[in-house]
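Quick heads-up: structures coming right below.
Shared between the two complexes below is chain A, which pairs with chain B and chain C, respectively.
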Partner chain A sequence: MSKEKIKINQEFYDIMPLEYRELVEEGTYGKENRGWKDVGESKELIEEHSLCAGCPESIAFRYVLACLPAPEDTIMVGSTGCTSLVFPHVAVHNIHSLFGNQNAVASGLKRALSFRFPDKIKDVVVLAGDGATVDIGLDMTLQSWFRQEKFTTICFDNELYANTGGQSSGLMQKGFVAKMAPAGKKFDKVPLPEIAKSSGCHYVVKMTVSKPNRVEKAIREAILVAREIGPTYIQLYTPCILEIGKQMMEGLQEMRDSEGPNKRFEFEEYVSDEARAYLDTVNPKKKKRKKAIVTK
Partner chain B sequence: MYAVAEVIDDLCVANKGCRLCIMYCPEANTILFDKEKKVAVVVEPRCKGCELCVVVCSAAKHNAIELVHR
Partner chain C sequence: MSKYSVLKGPEAFLPPAAACEGVVLPDPGQGLIQGDIVQETLAMEEAARKFLSAKNPTLFPGPLVLWNWNETAARKAAAIKRLYDVLKSHNSNALHIPMPDYRPKYPKIDPAIEINPNHPNLTIWYNKIDVCMFVGVHCHMANLSLKIIRGGTDCYTIAMCAQAGHEDAMITFRDATPEKIDILTNTVERLKASGDY
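Let's look at the complex of A and B:
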């Protein structure tokens, strides 16, 4: 699919909504080397979402959608939570699954797509909150990694059930007191990136969304590895400013504070040997440039 | 009365490649880059007034965005 498929019939052009016309004219479908640098100068694939003012999750959403390598051939699978409020405003094919079911749905979808379109590249990207990925859907998440299903799992980790008022989640840090978890979290944060590594993921990243270029690299490489090698996992810290008692303009600082050395969201990347070899073949030019600089 | 962000054109350094406010705005398609004037512009009906752009612009000592009440 390319931009041709969303083109408007000339006779209906003037009655189509302005936003749709802009999407057809200035959207970045089919563009090579998409990235966060396109935002602000071309139409984004997300429009007027209903998340709170200053929500870091919406920053993450903007970056993820701006960095998908081929949005026209991508199907996103979402789950219940704040992310499911955004998907109706996203100009990428998406499926809303039952809570926790997202990796099972994505497995079936990926298999059906590779059967239906054997010659085309179709990306499947799972995007869900920490409750869906780690608590309720841990079974489905892990089983899809064990089976080596070729799709990317992105977890928006806000460390609690923010949408329902602040209940304790498996990814909550130890000792944290939330509105509906007054006794404090009793056990450590579930180390899902480590579990992902030992469960067969070929590309695992844990980070915040305070640096768009890093998010771009991670999303792009995770999807490329998922196309050819096997499952990939990205955990992004997107704090819920309401539930951790921050003002709306403090979300960015909260992410920066959490990613320092020895903090719980210090940047961590794991690439398996197989995936590294593949990525080197995909990005040979960049490698050569870097080597040239070093030898000088 | 709503608070929305407004860019002071004379102080904006988007022509030198600064994209801080555009990058960190949580709303999509809200702060855009005006290719003719080479400054950032705020699409007011979409702005929720979260002040993140003011924070990042002030932290970089450009001070080119302020909140106005409409």
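Let's look at the complex of A and C:
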């Protein structure tokens, strides 16, 4: 699809509800230097989400959508969970997969798109929770990495099954007591970033979403590497404020408290040599382009 | 099994799918009137009569014609606008209300300016629509929506389908093209000129 296709037929322009006209006129499709700074200024590709007030996942979702390099040519694959409540409101093509199957669906989708549109860049981005990525869907997640499928996997890690009342998940920290895990988590948090590295991912980041600049860099680079080199993985801490007993204004602080030195979400980045070489060729161009835009 | 007719409702909270009651889709060149297979020209005349005798005739263009995603969509949009202009010149209450996408929007939807396939009855009740035509709506959503309308409202439904038609509409056309929409427009104009409406 091209952004040229995101147009309203002129015969119906006057009867289309305002939100759709704004999406066409003020959306950031096709804008090369789009990023998190568009949030609140341009028409966002997600508005009026159906998540809880103050939910860090909603912040993460907005940043991710604001930072996609080419939303008009991106297909997102989601899974059951809080994210699936948001996907119906997202102005990007998306597929809701069976729980845990998201990386298998994305693998087939990416291959089909490469076959159908050999001359175009089509990004596939998986966005799923920790239950879908690490527990029930771990097989599909790992197989896509082993097979070097060229798409990005983003895990919204809230460390439990939030949508169903707070059951223990593989990414929950050891000893944590949740509503549906009263005896506490029995084993350590699954080190998925480490597993991703050894499973063939070329770009792996673990972080919170408290710093939008960092999120933007990670999302962009992960998608660019996935286009050219191979699978990439980003694990974002998006705490469920309801399930960990926080108020709606405390989500950001919770993320900040969890990303300090030696904390479980201390920023970690892994870039393979191949990916680094590729990013070095991309980033100077980006710097030049940004400089040119500023000097204009 | 007694013969099932696809009549305007309100039929039931959960009306049966017409296909489950033995209604089959028409072949090319044919249409359906209340579940009976007829020649397409006959269905055109009946649809035109329904439009001309309606208090609030309404067109519901869906995403396939609202968005300019290929040349045919643009030509269909122009054809639908011509049909709307003819209906409007006959009856100032005529409406065209878009169905821009299929996200569930209850309760935020403004039924005065848009229709949503998951709760089309809101728009029909609000605008007191007695005859409507779906055009450019993806089949799976049209099927859902037409059933809800038949179940909960007394609106007479017409489907201008680009595929094989919709047995859940009271009148259905298949293989919709801009030219076919123009034929319907011409039929409305011809009957209007007859002075019976």
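Quick notes
The rule we apply is simple: the second predicted complex is superposed on the first by the 281 of 296 C-alpha atoms of A that agree within 3 Å, B and C clash if a C-alpha of one lies under 4 Å from a C-alpha of the other, contacts with A are read in each partner's own complex, and residues count from 1 in each chain.
Operating definition for what follows: a residue touches a chain if its C-beta (ideal position, glycine included) is under 8 Å from a C-beta of that chain, and two chains touch if they have at least 3 such contacts.
The shown structure was predicted, so the numbers you read here are calculated from the model rather than taken from an experiment.
In the superposed model, A:V39 makes contact with chain B only, not with chain C. Once chain A of one complex is fitted onto chain A of the other, the partner contacts of A:P56 are limited to chain B, with no touch recorded for chain C.
Applying the stated contact rule after C-alpha superposition, one finds that A:G100 touches neither chain B nor chain C.
Within the superposed three-chain model, A:G131 lies out of touch with both chain B and chain C [touch as defined at top].
Of the two partner chains placed around the shared chain by superposition, chain C is the only one that A:Y20 touches, whereas chain B remains out of contact. After overlaying the two complexes on the shared chain, residue contacts for A:F12 are found with chain C alone; chain B is out of touch.
Using the contact criterion defined above for the overlaid structures, shared-chain residue A:P88 touches chain C, although it does not reach chain B.
Within the superposed three-chain arrangement, the count of touched residues of chain A is higher for B, of the candidates chain B and chain C. Residues 48 of chain A are contacted both by chain B in one complex and by chain C in the other.
The touching residues of chain A, when paired with chain B in their complex, are 36-37, 39-41, 43-44, 46-49, 51-56, 58-59, 61-62, 212, 248-249, 251-253. Across the complex, chain A is touched by residues 61, 65-70, 73-74, 77-78, 80-81, 96-98, 100-101, 103-104, 108, 110, 113-114 of chain C. Looking at the complex, you find that chain B touches chain A at residues 19, 22-29, 31-33, 35, 40, 46, 48-52, 54-56. Looking at the complex, you find that chain A touches chain C at residues 5-12, 15-17, 20, 48, 88-89.
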